[in-house]
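Here the chain labels run A, B, C and D in written order, and each chain numbers its own residues starting at 1.
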């Protein structure tokens, strides 16, 4: 084990940027022994500019070069989903630890190949992790602790939504996230994947069956003059077909006997990043909304009803997960901290020789549920 | 038309009590020309005690006596669901206007007979209305006005839950509401019916298909020493079978192209009466929670995003529906006011010779959806 | 003691109306043995119309006639403050129990005379109560119970505001509440009186000194064509002087060692009836906002910080004060219920031969604080 | 002007740490041309450990060495208040730009000397700024924009509190912040200073007079075994005197005709960092709570009351101040971002040759108000 892990980040857009910042913050605030030494991007000029701004010494145009470089210990895959399979498997086979953004792949078959590679690599001590960063939100990590301690008892209901509105305007252009080839699916894979993973993470239960439907409200959109990948650019007059879902809703049962409801949409006007999950159990309830990510609501059903109520816990105490490394109570964290915590946990597992969580197998399980939802078309699918 | 309508209320428990109070308040605050002159109940002593407390001059043991009494103009049916068909049809045939609590009947067949009777009566100027009182919540009546004015545009999402927790404790006894013969169904018919009606009321759209599942988490419960109908009594050691659902979840599509999700449960620890509905449209969103019944959240998506946000409208202005009759701005109303508004509207329709809404046919439509949910078992049902 | 107390209500505007409705509801829901038999009003036609709508058998033009009538047992004073002294003292001397709306009088001297009359009457078993109805809000009555049980420990901070906005528009007309002769003072006496009373009620502590300032932001307003007393009428072009305060702010110390801050204003745009009070103690905190009157926030500081948070108690459980007489959990009450509870408590005290609270002396204590605030002009006043 | 400014940070505790992180993030996300090259701390070992973790190449034991070093362009003063005067003046006289944490000094006299030095330096193009970082919260910067645009009209009320609870436990030890010699004052200077600055920042108005009181609820506390400066350490059995205030409350008038109320306390059980400010104007209102720092509530009083309400603006849109450099809408920022924005703005001003805000003179104005509050003891003080 080297004293410091050298990390190559593939991609420098939204995810690449936030991962790179996360690695630097983890080193400062958690003493995580890792640093980003390489960034990989096809556009030389943009990649170099990014490297300069973020203080990354090396720039690579092709991920294969990173895989071949013996001085790189970790590959952090932040590219669009269609490239995940090749990069992740390539890196694992070359003995690099791999952190891969979600969704794992654009198809179940691809994800299965990645799991196989991860398991083979694991036998050689090479670690892999799927990038469901929301697990590292302090409030959600603390929620899981409360569930594990039995504070909400036997779980009856899981109620999860992920509501955004960034394409509710029919004139928003045809960005890559609306193209099935590049993105795999729409709201389902992009944000639905998160609430599927979270439900499993928090409850330890898996869906045994589900039924659901998807919808594309706006069938065509203005094409981009060039494929910029930007989310805010305005399009041309020519329109192209939207080939992914705008929204998906599904309900199911878990192996723990709970009923679960889910909704993922990019058409909830006014909801910007409302990833909400509520759990109702025999002894209590928990509720969370990412738009208020520093808060967790907890209802202790064992208290007398007369003095019981959902309590707004500010998850900013030093005893809360991850928080001790940061600021005094009441001084909240932001979205990017979840990535700092993610790379810290990933590195800890590498250093300590443990399998990090969530595994690629966990990512595959999510992928299979995404596929089942697409297949369901309103009929029951047993998982 | 008599100067004042004489009303016979059938039942004096929760619903009978709140209806009776509503008739008196409507007379005072809206000048509604009606008064409760009779209460009908099988237990003579309890019925008389209720009549004394609420100032009702006459007590009847059998609804047939009310139907036969020419001085009674209105029958207000507040008994459990298994008696609705007989009382409502009997009253309509005798020329009494009928307000009937929801759900209309314990079966679709029963509800269909009631609709037939209502339509026949209507031809003779005899009015009928289904008691979905939540429509008369000022905030919801105002929400409908905003929808009708096009303020939220084309509706994309309907998201409705009705969450309670009063039987989450497995030792809560086997009250009549948990018995299929008396109650028809469980959470589904009791509270699910409300959110089905509300979704239709607010959007003017109907479900064209759905898929859903129901669950009974606690299969047996302590029997009551005697069937008291009370909600809080504790049971004996002998346990009986729960024959209704504890919870139901379903998703569907509407004839307006929206996706809709629903959940009704009595197992959401800490949620006391959380009837929540959110609508997301192309021009805005609306959100409501009955636990904060004097508030409506409205998001105007036509505003610049930079200054846009869900605004908490206190629905207590004189210009809001029903509110002008009550108190100054900011001085909220309570649950019972919805019934005062309901009987006011019903009486207005009678006096003005209009068909009141929601009609028995509207109630039947809800009933059919309830039946479809029970039939679905996770597969698609076209309505 | 008569079987049923006959009540004469003086005034039929906002307060008279809500009191009258309260008496009727108290009889129905609490079995309170009292009924409104007389209403007193100078405008014969309007008074009769009110009596007809609310089912009051007798109408009187002069309160002296009520005082002289041996069949009247209670006088409920709901007129503007300038008439309180005469009516209340006249009624008490005639042996009538008196409920008097706040503020007790328009001057300390007047209030002192009322207290003297009340004490003399009390010796003869004649009861009197000041109408600080907010004490009867279930959430506030429950807050007091928690304070009395020591749940928040030694009180450090009292933080109370009463925010309204109904005259924030400079063109709102010169209604009687803006005239010192009729109203005594402005926001201070109208709404500031409530938070002074509540702070004392909840904590059992009294201010020992204070410093504060008042302001009249809008010095002249359109005169009303005729003095209608209405709050919404628009005025003429002629303007008259506003002779009361628009807002007042003050801070002080209590005999229990707490710091207290207060604000009363009619110029808080968007705040309709935000009577808010928060108490911070050594063992916990309580927070309340009348715009969400069915909720109480409680923080238990003895819990570990990691799982501690302000819990939103829905004060709608049968065990909460007054609530058992009403509806199931989660079905909230409204503003007018505080008056139903007030007349119930008042009648209970009469029947049981106890002195009701708050007494006229309590009302006088509030009056003295109001006077001290007006006198302070930013300098310390020892009480 | 060098291409990149070299920054020496004095202090490596809470403030030094967050400033250092801020400089690095500003470079990455805003391209701010500055980097921390030196950290100054008396404890060599701890300072070196900090430098290692945060990647700072040089460590200095004495600020005089930094002042003497021609390669250092900026001194960022993050030490306790008793050292501010010497360091800041020394640095300014040596031609270093100075960012100085608040409060500027522990006395008005000290602050006055700093202002004189800053003005002299300014004539030579040397910049200085007081570190009221909360001004750089996007929601508050946006609030100021709305005020400046006239969206809330003429301001009637300023209502600001800063509530914490970290010393509410009487056994919390006697840390340096409770010692007048080291800290200058207690809650007043530590957190009260922030709300004074914010009120001025947001409204552009200054207090013309005030009256207020302070309190020390817990007079003695356990001494620390050694003066660690830590906030969480538990003390010994020996108790020492608390020489600063625990809480302060004051009210005043502004030169714009508004009434203002303020409260700063460390005894508000359950409030962790509740810096709240509300402004009520003739055309609207604004409300903010730092515990929900990504939200701003705005009430547009020019809208019809029927559809008006406080809207919760998620201040996470690219058009909001500072936000464009970060993440997509709905992905909130944290406390530390305010420091990143602060050093960015400071550097921008240096580069562009402008005087940054808030100036030392602004800091002195706050200091004078703090002194006036301490002097008031409940009597009016004209400013």
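The definition used in the following text is that a residue touches a chain if its C-beta (ideal position, glycine included) is under 8 Å from a C-beta of that chain, and two chains touch if they have at least 3 such contacts.
Because the structure is a prediction, the values reported are computed rather than measured.
More C-beta pairs touch across one of A-B and B-C than the other; that pair is A-B.
Note on B-D: across the candidates C-D, A-D or A-C, the interface recurring with over half of the contact pairs conserved by residue number is A-C. Distance from the centre of subunit C peaks at A, each centre being the average of the chain's Cα atoms. One inter-chain figure worth recording: subunit A and subunit C are separated by 54 Å, centre to centre, where each centre is the mean of the chain's CA atoms. Annotation: 41 Å between the Cα-based centres of subunit A and subunit B. Look at where the CA atoms of subunit B average out and do the same for subunit C: the two points lie 35 Å apart.
Among the residues of subunit B, those in touch with two or more other chains are 271, 299, 308-310, 314, 329. Contact topology of the protein chains: fully connected, every pair of chains touching. Against subunit C, the residues of subunit A that register as touching in their complex are 142, 146, 296-299, 304-314, 317, 319-320, 329.
The residues of subunit A lying in touch with subunit D in their complex are 14, 18, 21, 24-25, 27-29, 31, 53-55, 164, 166, 231-232, 271-274, 290-294, 314, 316, 318, 326-337.
By the touch rule above, subunit A contacts subunit B in their complex via residues 152, 156-157, 159, 161, 163, 165, 168, 170, 209-213, 215, 217, 247, 249-251, 253, 257, 259-261, 263, 265, 267-271, 278, 280-285, 299, 301, 308-310, 377-380.
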